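The structure appears right after this line, and notes come after that.
Per-chain numbering from 1; labels A, B, C, D, E and F assigned in written order.
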Amino acid sequence: MKKLEITGQSLPDMPWQDRPAGSKEVMWRYSENPVIKRDALTTSNSIFNSAVVPFKKDGWNYAGVFRCDDTNRRMRLHVGFSKNGIDWNIEENDVRFTGADPEVARWDYGYDPRVAWIEDRFWVTWCNGYTGQPTIGCAWTLDFKTFHQVENAFLPFNRNGVMFPKKINGNYAMLSRPSDNGHTPFGDIFYSESPDMEFWGRHRHVMSPAEFAKSAWQCMKIGAGPIPIETSEGWLLIYHGVLRSCNGYVYSFGSALLDLDKPWRVTARSGPYLIAPREIYELTGDVPNVTFPCAALHDPDTGRIAVYYGCADTVTGLAFGYIPEIVEFTKKTTIL
Amino acid sequence: MKKLEITGQSLPDMPWQDRPAGSKEVMWRYSENPVIKRDALTTSNSIFNSAVVPFKKDGWNYAGVFRCDDTNRRMRLHVGFSKNGIDWNIEENDVRFTGADPEVARWDYGYDPRVAWIEDRFWVTWCNGYTGQPTIGCAWTLDFKTFHQVENAFLPFNRNGVMFPKKINGNYAMLSRPSDNGHTPFGDIFYSESPDMEFWGRHRHVMSPAEFAKSAWQCMKIGAGPIPIETSEGWLLIYHGVLRSCNGYVYSFGSALLDLDKPWRVTARSGPYLIAPREIYELTGDVPNVTFPCAALHDPDTGRIAVYYGCADTVTGLAFGYIPEIVEFTKKTTIL
Amino acid sequence: MKKLEITGQSLPDMPWQDRPAGSKEVMWRYSENPVIKRDALTTSNSIFNSAVVPFKKDGWNYAGVFRCDDTNRRMRLHVGFSKNGIDWNIEENDVRFTGADPEVARWDYGYDPRVAWIEDRFWVTWCNGYTGQPTIGCAWTLDFKTFHQVENAFLPFNRNGVMFPKKINGNYAMLSRPSDNGHTPFGDIFYSESPDMEFWGRHRHVMSPAEFAKSAWQCMKIGAGPIPIETSEGWLLIYHGVLRSCNGYVYSFGSALLDLDKPWRVTARSGPYLIAPREIYELTGDVPNVTFPCAALHDPDTGRIAVYYGCADTVTGLAFGYIPEIVEFTKKTTIL
Amino acid sequence: MKKLEITGQSLPDMPWQDRPAGSKEVMWRYSENPVIKRDALTTSNSIFNSAVVPFKKDGWNYAGVFRCDDTNRRMRLHVGFSKNGIDWNIEENDVRFTGADPEVARWDYGYDPRVAWIEDRFWVTWCNGYTGQPTIGCAWTLDFKTFHQVENAFLPFNRNGVMFPKKINGNYAMLSRPSDNGHTPFGDIFYSESPDMEFWGRHRHVMSPAEFAKSAWQCMKIGAGPIPIETSEGWLLIYHGVLRSCNGYVYSFGSALLDLDKPWRVTARSGPYLIAPREIYELTGDVPNVTFPCAALHDPDTGRIAVYYGCADTVTGLAFGYIPEIVEFTKKTTIL
Amino acid sequence: MKKLEITGQSLPDMPWQDRPAGSKEVMWRYSENPVIKRDALTTSNSIFNSAVVPFKKDGWNYAGVFRCDDTNRRMRLHVGFSKNGIDWNIEENDVRFTGADPEVARWDYGYDPRVAWIEDRFWVTWCNGYTGQPTIGCAWTLDFKTFHQVENAFLPFNRNGVMFPKKINGNYAMLSRPSDNGHTPFGDIFYSESPDMEFWGRHRHVMSPAEFAKSAWQCMKIGAGPIPIETSEGWLLIYHGVLRSCNGYVYSFGSALLDLDKPWRVTARSGPYLIAPREIYELTGDVPNVTFPCAALHDPDTGRIAVYYGCADTVTGLAFGYIPEIVEFTKKTTIL
Amino acid sequence: MKKLEITGQSLPDMPWQDRPAGSKEVMWRYSENPVIKRDALTTSNSIFNSAVVPFKKDGWNYAGVFRCDDTNRRMRLHVGFSKNGIDWNIEENDVRFTGADPEVARWDYGYDPRVAWIEDRFWVTWCNGYTGQPTIGCAWTLDFKTFHQVENAFLPFNRNGVMFPKKINGNYAMLSRPSDNGHTPFGDIFYSESPDMEFWGRHRHVMSPAEFAKSAWQCMKIGAGPIPIETSEGWLLIYHGVLRSCNGYVYSFGSALLDLDKPWRVTARSGPYLIAPREIYELTGDVPNVTFPCAALHDPDTGRIAVYYGCADTVTGLAFGYIPEIVEFTKKTTIL
């Protein structure tokens, strides 16, 4: 088997911890989890489901957009910076967007952000409460200080809008999960393109929930997680899946490989999960039994990946792995 | 009050019947309703929620795209022609679309069509089952024989996509109602634009359901009906609204006026309905208590309008009125 | 068996029609039903669930408070007068209440009224939307022109508040049905007393829904109907019961006898219904399958009773019977 | 195509009416429907979903077991006799069973009976309320006077137990539909065998609801109807299917062919329905939009079949057809 | 700002612990929580949602009425006494009420008690299962040995009845939360008055749940907590609010200020919560994620307050704060 | 009181730990719980709800069939062996059944096994996904290597099939809980017999959920646990019960005594639970708040019993007690 090629900038100092001795896990947790506590801000109720990217400036090595619910339990986005990707300096004030059409600027809340560097700037996407209804908000920034909001990508109801890190077929490309107006009990991943980040189309179906008898942890709904990673085997997508027990939803995450040119074609999809709720900070909190990945750092040279994931909708955890192993695992356990 | 100007082609011979003596109604039913019976085709279970336009050719004066559910209760679109707009010759075979990307051509069902003439061709929009999930299908035709399907306008879940009959702000413009995957118990009307009928954006919120205490017939969900009619008082939109009783949904319809240039701004909205289920063919059928408008013919010279509406999801009825009276009614009873 | 004594004023000219030849029914419908059509007012959508009392004045013999939903489908109360109890002159303007504390006057809607003459005045009770939540509104009138609103009797959520026509244990007495904020799927009848129509207490449980296997038409919820009639066998209560089928609620009505001094003690309760939806005006309408009694006229001398009942939440019907026969039927078929 | 062989006794005088001129229907309704009215008994609320068989005795030609709900809306079984299969003499008293173990005799209600002649006696099966929970009751009779109840066939929750008219693999054989304790929103047909009508096993799955996109009228649940008819093409099974609209369940019926020796193998299944609610007595009643077949008479010589079906859970209708045409229709429109 | 005046008796030795160093919290937890364990009684399953008052007698300084569910999980009220308000001596036998009308004495269960000293006696209110339906039970005691039950305050369905500690407008006054018969998914706080603790009226609406976008922790339902505390800024009300996640209800608590004379007028209402589930004994237990306050001790001289709150419907916790700070917090963060 | 006689083989070395000092509990937990961790297998997500029996062979003293969900969250059965009943050697490969009719062998999943020695072999029963629908699978083994599958005992939907350890009335006997196709919110225990493990009948109702006011932990559904134990006071049945809170189901367990000859007759039933979720491994996990017993070992000589129970659908725990004490507790606290 030839060596997996991975696209991306070198990150030799990215957060990392070796696999624990004796562990059989494809991905393993950081021993000091949670890396971000719920009360890191003066008035934060919880900090989770957040986006992190390499960003070298002013002495920082990483920047991020964080979901910080306050003690009113309002959902807000905050900027943060870090030297090592583990200790974060999150700003007390939430993000304010500029430049948007006043119609678009009518937003109530923002949550579950993702950040991707595409060509010449960072694009932030998030679940945006437009006239009270969730859809995908979009904005760009160069410095994580000024954020330029553009048109919402889609009509409501939509969540988990995740950009690809480069244009596909000459267009910007996004994964998303059409939803309803509540705790949506269904959900497929779709793919869409835009020539200009203003108008979107060429919508394609990517993946549905799995059959219960094949892979139950992802049998009720699924949604894209971190920005997909380009490899010689296709786009590596880490995504969450949900199972409903008699006591509520359980959020786990696994992996899939998408065709590089037609990313709506899935070539492999893991039957087992990579991470599912097991630790007390995942099993208990504002929403018990949630592990929800929104961002990843990776180093192409070593194949290392560090996934940031929300724990119980309360705190933020880190899990580690090797991309070649995850790709192999995805292919070996595929349920397609 | 100055005379209302109404845009559109003259239709001196459109279907018509004067208001019955003594009637206090703003709109009144055709005495020979239903005009299209459920078994007009060999294997039709029901014919309703259908689109009708002026179309002079081959001796016909009107063409239409009809929702004809067969006795498998599969939802299909059929073409029909008529000389007088009342007696219809509907084709036994359902519409087949050509030209679409094979990905887009994966459709399972089509229902609730609308047809609009825009610039140089007829555009058909309908609720399109793409990978089993309802969204807005789009196709154009010149002759009602060949239909060229283009990209679906939106991501699922969407219904009641209704085009404006001309470009707005240089773009194609559509109203639609984001939905869920079932008998959606919510629903607002949104507005979207497209430069090319391929990519859509600039989504704007238009109207939410009314407050129960103000106008209960439209308090659960609403959706656009026929193609809006341009008048000097704004776009006249006839739309359906739904109330949920302990025994199910009741579909009625009323009217609104939208700003000509920014059609997402509602300037008037009728508190009372125009038509609500009262007749036995509206009260009983496959779905009792439904009056659902999908098309209208109008004559700018006389101000006459004839609305085609589905009755009990089973047959098709006609209701008449005068546009100036409806506009006046909308303004006078507005709940804004 | 000794003759049944019935309290009340003589009404020799009350609405009446003899039992049809061959009928086995304890109560039978008026052959000209519905007596009040849905569009009796200029802007009425429906007229039903209404209250009627003897009222000799200005040439009238009967007065009433009617539930008239308008074509906004707002629920309103209107006054009406009649010479014969069958042909009604209902006022176009809805009832306005005076005299209430401004806090209490904050009402949104009113429906399902009852009217009782107690000692020296008429008391109207109705389902009153106080801050949007249904409870029992109360007002008195002498002339059906001026209505003096007093405090709401109870906290929300409550419906079907029905006064007794005289004080019991020295107090005003009312039956009511505690509810929830929707299409309540449960409901018992309770009894309450008030020394002053301002403060209420001594709440007692009267009746629960019946067991499915014993009397299914009343197995989901029940509620008092017309003002109870005093007889030597106890208070005769006509009440509605609801069964839920896979296609919605079905409202029928039957009868019960309550202890004269402790009216929360039920001494007999009919297993069969008296009237259940059978006629097309009861089976179809805004809410199919509803027969809902709200008022009755009776003549103690002949034992005749005429029950006014809402049909399909759309129109008003009349049903006739003999009180001694109904009392006998109640005792003979009792499910207690 | 060789002539279809049909098993059964000759019934030259069975109820019949020729197909109406111009009708394209495979089955057509009797022009005098409903044949049994809701109030045929002194205290019946409704008579429907009933079982009819040839039975020559005492001047009668047909006997039946009828579901007669009384005006308490209790579900009861009554015996009836007829000379022509159309005019029925139904007994005022309901069926009483004898001979059962006292434990089994604890039944609360009975409904939706079927009757089959097997070898030497008539077997009645019905939905039997055992300790309040529906399962399949079984009894035999020779004379429709004395009914010998045996053990319930299955554990709750079960409905629509339908015997085959002869032993299969040396065992009694039954179709049934496992259910839940309410208005079950799911339901497949299963097959079971018994050596002795006491112990049952060898349960096999027969059919699931159809895919919505293929045959929507049967997409939520299905259940066997009349006793299957043996033909040279397999067992002809007429069965009901249910679609759920926003306003409730709609019951239609179609046909399937089952392997003669392994009846759990379906060889053809009609996509279109044979009969769906269209007439006012099917569209309105205690449960609107129900056509529910429970019995059929057929004449092998002419191929005629007359299906008795419940209408709106209120009255009983008759529909006619030719078995060879139905078999052909089933094969031609099969969705397998 | 002038000093806040607080009404009440001095409690210099009330339970107390200073704010932890570095804490930014307005209220903070007792470090030895939970103060009452679930198995403090021989057969208790849980002890929580309980009422505590100063009561100097027999060597005790505090008395209380406790909700003690037994291992049948029956809800019962038990009396307890304490010297320091932290270590409690709860009686093994549950409270028995005397003196009630036999009709009122028909109670099945009691839970979530509150106790208030009003003029000359202690009044206990609790959620009382009257004929199986929850309403507000009332009783008085002088010695916590004999409890005199009076009439239930309201009709079902009601919970969280909380007395004011003095008469208002010459009447007894109570807050309560009308409910339904299950896990009520809605709920406003209302105010009622009584001249005699027998008849209640003058019902006024106080507060609804907050808008989701403003204060999500209280957006589904709210209910009064401890007896309101009189201050120069109005009545200080600590109340619980509920948010529904995909994994169930989350109970937090915050504060409001009510007008002294018209307590149904809210003058300030905290956007952030004071306490929300964070600790393992709040996050896990019979009902995860519940912090539910039912009682408070306060010392007017120091402004100290100690709130007793149920944790996860399993154990009892204590939280501390300063009333002037809470009043200030309420005003500063108000969402009105 | 005479000494309780207990049937069964001597197990002097069964797992055991004395009651902790000071404990008032009838059953107490093993201090080293959970005895089986969730990741005991390479790819196990959880190991719980499992069956254990004495089995002396190859150096082992105990064998078991374990529910091991893998990280796809597929439900599988695995064999395990142990010397001491505490440390288990579970096989990595799941059980494969042989010998079944190919129709029966169509199974999708298996869970919640029970194992009973009856006469000459071990019988395994489990919840078996037959054509995707849960019913009771049956198989026998002599060596825990080869498992001979026979016919499914019942039609779907069924769960918790538990054999009696000897024939009753000459027949095999089983308890089971008819269910629906989801997280069944209802459930009674039934009893059935079979002469041959192929055909089943003589179904009898055993127990319903308890009244809420009497014993709330078992008020929504109940199901049999370990194989019943024969005693001179009747069959001792340990069973689970479920209560639904606003945050989901809570599974506890208690005990009942069944008549030896007519085991559908319950002679005593504990009001309090024996074990309910209290420990962190019971309160948190894949399904919080579950304690679910599936097997027990007992020693007739000492009266000791060790119950294996699933904890939070994640791990396996052990609880101990004395059978005579449990029998006494059952009788003393009976709610019958």
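In the analysis below, a contact is a pair of C-beta atoms (placed from the backbone, for glycine too) under 8 Å apart; a residue touches a chain by one contact, two chains touch by 3 or more.
Because the structure is predicted, anything quoted here is derived from the model rather than measured.
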| item | value |
| --- | --- |
| Both-way neighbours, i.e. chains that touch chain C and touch chain B | D |
| Most widely separated chain from chain E, with each centre as the mean of CA atoms | D |
| Chain pair equivalent in interface to B-C, over half of contacts matched, among C-E, D-F or B-D | B-D |
| Most widely separated chain from chain C, with each centre as the mean of CA atoms | A |
| Chain A-chain F separation of Cα centroids, rounded to whole Å | 42 |
| Computed distance of Cα centres, chain E from chain D, in Å | 59 |
| Chain E, residues touching no fewer than two other chains | 247-248, 280, 284, 288-289 |
| Chain contact topology (line, ring, star, complete or other) | other |
| Each pair of chains that touches, named by its two labels | A-B, A-E, A-F, B-C, B-D, C-D, C-E, D-F, E-F |
| Of chain E, residues touching chain C in the complex | 103, 130-131, 133, 135, 151-158, 176, 178, 180-181, 184, 186, 188, 190, 192-195, 198-205, 208, 264 |
| Chain F-touching residues of chain A, taken from the complex the two chains share | 24, 213-217, 243, 245-248, 250, 271-273, 276-278, 280, 283-284, 288-289, 333, 335 |
| Sites on chain D touched by chain C in the complex | 38, 42-43, 45, 70-75, 108-109, 129, 132, 183, 247-249, 280, 284-289, 313 |
